[in-house]
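For reference, the structure discussed in these notes is given below.
Order of writing sets the chain letters: A, B, C and D. Residues in each chain are counted from 1.
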Amino acid sequence: MTDKLEVDIKVPNQTRYLGLIGKIGEDIARTLKRFKGDREELAYHINLVLTEAISNAIRHANDDDPDKEIHISIYIKDQKLHIRVYDQGEGFDITRLPSPELKYLDEHGRGVYIIRSLMDEVTYKRLKDGHVLEMIKSLH
Amino acid sequence: MIVQIEEKDNVVLIQVKEERLDAHNSGELKNQMLNLFEEGKNNLVVNLVDVRFVDSSGLGSLVSGFKNASARNGSLKLCGLQPQVKSMFELTRLHRVFEIFPDSEEALASFE
Amino acid sequence: MTDKLEVDIKVPNQTRYLGLIGKIGEDIARTLKRFKGDREELAYHINLVLTEAISNAIRHANDDDPDKEIHISIYIKDQKLHIRVYDQGEGFDITRLPSPELKYLDEHGRGVYIIRSLMDEVTYKRLKDGHVLEMIKSLH
Amino acid sequence: MIVQIEEKDNVVLIQVKEERLDAHNSGELKNQMLNLFEEGKNNLVVNLVDVRFVDSSGLGSLVSGFKNASARNGSLKLCGLQPQVKSMFELTRLHRVFEIFPDSEEALASFE
């Protein structure tokens, strides 16, 4: 039996919903029948990459403006878990970030590194009115 | 953010009473520590035993405290890391930066 | 600060996702800043009405056909929590169900009664290709 | 559905080892009980101590077992109801139908 599921979330551009969305991500990860690895670890990682990606969208793209909106889409397709975080910002070049080892006492700059370390595919793409960060995890 | 602050001799013990230390509340922890530094308190132990989840900005607030404490000839040490939280320090190599103790007794004893 | 939130879920017409969706409902209920009552009780009730409504849609409307789809929408508007469960069935007259007290040793027939007891407004409406059960809970 | 079945004298103790008893798994509980009835075992105690959530079809499966046990001159009793689960029996008035005990010892003793 393959997993099939689609969850779409819209919240104001505010960090107070991070915990809820992270928890929803954990719940989804714990439900995946197909995943052979450590399910609790997967749950933590999904919570984490959601938190990192949404915080970046709130701060760097949507300028902490509480009236803007964050849109998250989580779905399973072809035995892969897809997570998309949409922002309404100017975008950035995800391929040209400094590696965090070089500046290990910085307060910032670990979010994208964490996302890349934990997910199998990460892309950041331009859309008509903003950008989308897509993070994919294989479930087999 | 709920924190419990206790002073033992010349060390301040900060226990973070939150399940998550993330972009929503890590700024408050950073400010709490800045207040302590302004009061001349430069030796801190942060007890994370209640924290189940930490993100990069939670780590960032601890790095901020670490740098400020060091710059004032004090130090910031950690204790009570749950396994998933510990794995975050390893992933970001920050376990090489911080002194990490199993519990607050051992962390406090290291200042003696 | 008012709560604002919109969660849309699509799953196959199968009971194995009941637990996940119930849990997402609980997570949302626990996050509501505005609600003055017992938040754990609210969480249980939201889990329960989601479970009852989705089971009915799966069995009575979508004939247990695993290839059909269930669509759930949960959102907050004007300090009310709205839950909508869409089905692709023929519908039924929600105002003409027998009261469960009269047949208290029946195995069935308590779902809609439970939903009605726990929610403030319950309506069932015809749509273009199916029906929607809407359940509303006031948060003040 | 995971259940643990134990026989004590002429009573069968069924412990439901699931967090939820709902439309997804209640049919299995019903079938488990039907099997016991076919083996001539008509005195049952269902221990719900591990169940945190029950829906109307979970209640329905217990009503089914209750009716079958009674029809065979046996009985089905319940124990270990958590507060939220208990409130479901009250909401549907089923607490007037079932004999409900705090734990399995007391439920088993009631058969002596």
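Just so we're on the same page, a residue touches a chain if its C-beta (ideal position, glycine included) is under 8 Å from a C-beta of that chain, and two chains touch if they have at least 3 such contacts.
Only a predicted model underlies this, so the values are computations on that prediction, with no experimental measurement involved.
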Distance from the CA centroid of chain A to that of chain C, rounded to the nearest Å? 28
Chain B to chain C: how many Å between their CA centres? 43
For chain B paired with chain D, centre-to-centre distance based on mean C-alpha positions, whole Å: 49
For chain C, jot down the residues that touch at least 2 other chains. 16, 19
Please categorise the chain-chain contact pattern as a line, ring, star, complete graph or other. line
What is the complete set of touching chain pairs? A-B, A-C, C-D
Contacting residues of chain C [partner chain D, same complex]: 15-16, 18-19, 22, 41, 44, 47-48, 51-52, 55, 58-59, 100-101, 104-108, 110-111, 113-114, 117
Note: in the complex, chain B contacts chain A through residues 19-20, 22-24, 53, 55-57, 59-61, 63-64, 66-67, 84, 88, 91-94, 96-97
Write out the stretch or stretches of chain C touching chain A in their complex. 1, 4-12, 16-17, 19-20, 23-24, 27-28, 31
